[in-house]
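Two complexes come next, and they have one chain in common, chain A, joined by chain B in the first and chain C in the second.
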Partner chain A sequence: MAGERAAGLVRELHRAAGGHLPPFRVEELRQALEEMRALYEQNQADVSEAKAGRTDLIFLIRFRHCCLLRNQRCILAYLYDRLLRIRALRWEYGSVLPNTIQFHMSAEEVRCLRDYGEFEIDDGTTVLLKKNSQFCSTSQVLPVKLLAHIANCLHGSGLQFSSA
Partner chain B sequence: MEANLKRAKSGDLKVSVHRMEIERIRYVLSSYLRCRLVKIEKFFPHVLEKEKSRAEGEPSILSPEEFAFAKEYMANTETYLKNVALKHMPPNLQKVSLLKSVPKPNLDSFVFLRVLERQENILVEPETDEQREYTIDLEQGSQHLIRYRTIAPLVASGAVQLI
Partner chain C sequence: MQGTKLEIPLWLAKGLHDSKRRIISVELPKIYKEAWRTVFSADATVVDLHKLGPYYYGFGSQLLNFDNPENPEIAQTLLQTFISRFRHIMDSSQNAYNEDTSVLVARLDELERALFQAGQKGLNDFQCWEKGQASQITASSLVQNYGKRKFPEMDG
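Here is the complex of A and B:
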């Protein structure tokens, strides 16, 4: 069935919930691209025949073209979604991802991630690359009203506490 | 000595409270910048398109660093997709329009807002074919739930505040 492999890639990715990154399916990707090449070549042959007069082939040509478009869409969606997941994991874990995740990435994805890490650094030193990293622990956060309340209490108990 | 101790303790508390406040401010700023980056990443072709089609006098929606980031991000993604998949595809399918593939931000989603300056005669577009367009007045201090597209210019000018 045309487009099965490409759709299979997308389905596997869709099933891997929670941002989890399954291994990079090189073989299936290669097969999907191979299928596209075969469809295109068949279409090329049929187009010249259709021009010669066999107009009944036009529907077949159009069908193959739809399969090609679907394959393209699925493959690009698969690759793009993997990139999004990898970038999200980078924000989660910092610049060095755990080995289990790195194992599932292709060489180009690793390079892409390294370039992405460089943009984040170039983009402004105030942006912190690891989620929640600088914010020591949320239990130490006091809202401003509470701080003012503490100041009032201390003032009320006679301690010298000038406003910061 | 007790007085000294009290003074030392209050000094200590001042320092740690001050430090906490600084950390808080740093976190909020980082959070704001991170939020902007997330939005740029999510809608990068549309953001770059808007920046390209902006008129001469209008201020930019991106800081220079953000603009450089968006351009490099786009180049990075395009190169990756091209090298891994597109260049192995048949010749007529090797180009893909990211502007059409990446979803656009939904400007018709409903947002809550608070009115800071009184506005009159805001035109509300009809949602369905049966409805007609009508105008409303926004009283100062009132809060509304309305489609973003209707009040987008007011957000930019600061006349309303999103909540």
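Here is the complex of A and C:
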């Protein structure tokens, strides 16, 4: 069934209890993205045919689109849940995670974590967030910057989409 | 291809379903059909929802997406089942302190187990506070238990 690899990623993560971070499954993720690429290309070709008159292809196009969405959802859930676990570990362990945990993180996740401790505010000063430190801002801009930063982290995890 | 009967995953059925164009029609799994609905309405508290589900409520809610004529009855059964079972879940989760709860949760579906767990957490936090332990600094439980496999939840 389509989306099995992506769903497998989610399943493994779901089984890892207690906030445990399993190794980052680069190969499985690559295969899931490859499946998405193939589905997308097949659909691109068939859409042209369908427009040229082959309306019998519409069901198949719709089916592939469902598979693409399924893959996207599983992959996003996988990456997002890992980010949440890493964030929780950061708060409990401090800025330096044990090597055993770091080995399970992708390069992008490591970079994201390093950036996570710092936030830029309006006037460009950086604030280093350590546990129990307090940060107060009357500026409305911070939440927006935070959202942009998170979006950047997700993007930096190597996930690329075509607008299907 | 018309009239073919296939088993497909929920996400695919949802993606293919179209209210206006009848691409697919969905047959209800048996626990959501009338026979089982009658069982539930008789006494919902004794049913083993883990064995029948384990996502009885979640999946049942998703089933409502398919314009089935029995949807009002299905929705009603889901709701009444939950209502009749909830009181017991709430009571037992609030009263089981420091005991083995596996029997209590054995026949709960996943939603109910999550509720039970939330109740247990509240109970434990309260007991901790009552003992004056809430303000004590303790080692992080995430760090202490990291990597140790907790007793695995029973997978259906």
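Simple rule for what comes next: the second predicted complex is superposed on the first by the 118 of 164 C-alpha atoms of A that agree within 3 Å, B and C clash if a C-alpha of one lies under 4 Å from a C-alpha of the other, contacts with A are read in each partner's own complex, and residues count from 1 in each chain.
Please note the rule applied: a residue touches a chain if its C-beta (ideal position, glycine included) is under 8 Å from a C-beta of that chain, and two chains touch if they have at least 3 such contacts.
Since the model is a prediction, treat every value here as computed from it, not as a measurement.
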{"item": "Which superposed partner A:93 touches (first chain B, second chain C, both, neither)", "value": "second"}
{"item": "Touching partner for A:103 - first (chain B), second (chain C), both, neither", "value": "neither"}
{"item": "Which of chain B and chain C A:63 touches, first, second, both or neither", "value": "second"}
{"item": "Of chain B and chain C, the chain that contacts the larger number of chain A residues", "value": "B"}
{"item": "Touched partner set for A:1, first chain B, second chain C, both or neither", "value": "second"}
{"item": "Contacts of A:17 with chain B and chain C, given as first, second, both or neither", "value": "second"}
{"item": "Residues on chain A lying within both footprints (that of chain B and that of chain C)", "value": "69"}
{"item": "Residues of chain A that touch chain B when the two form their complex", "value": "29, 33, 36-37, 40, 68-69, 72, 75-76, 79-80, 83, 87, 106, 108-109, 112, 115-116, 119-120, 122-124, 126-128, 134-136, 140-142, 144, 147, 150, 154, 159-162, 164"}
{"item": "In the complex with chain C, residue positions of chain A that touch it", "value": "1, 3, 17-20, 59, 62-63, 65-67, 69-70, 73, 88-89, 92-93, 100-101"}
{"item": "Touching residues on chain C, where the partner in the complex is chain A", "value": "9, 11-12, 15-16, 23, 140, 142-143, 145-150, 152-153"}
{"item": "Complex interface listing, chain B residues touching chain A", "value": "6-7, 9-10, 13-14, 17-18, 20-21, 23-24, 26-27, 29-30, 33-34, 37, 41, 65-66, 68-69, 72-73, 76-77, 80-81, 83-86, 88-90, 92-93, 96, 101"}
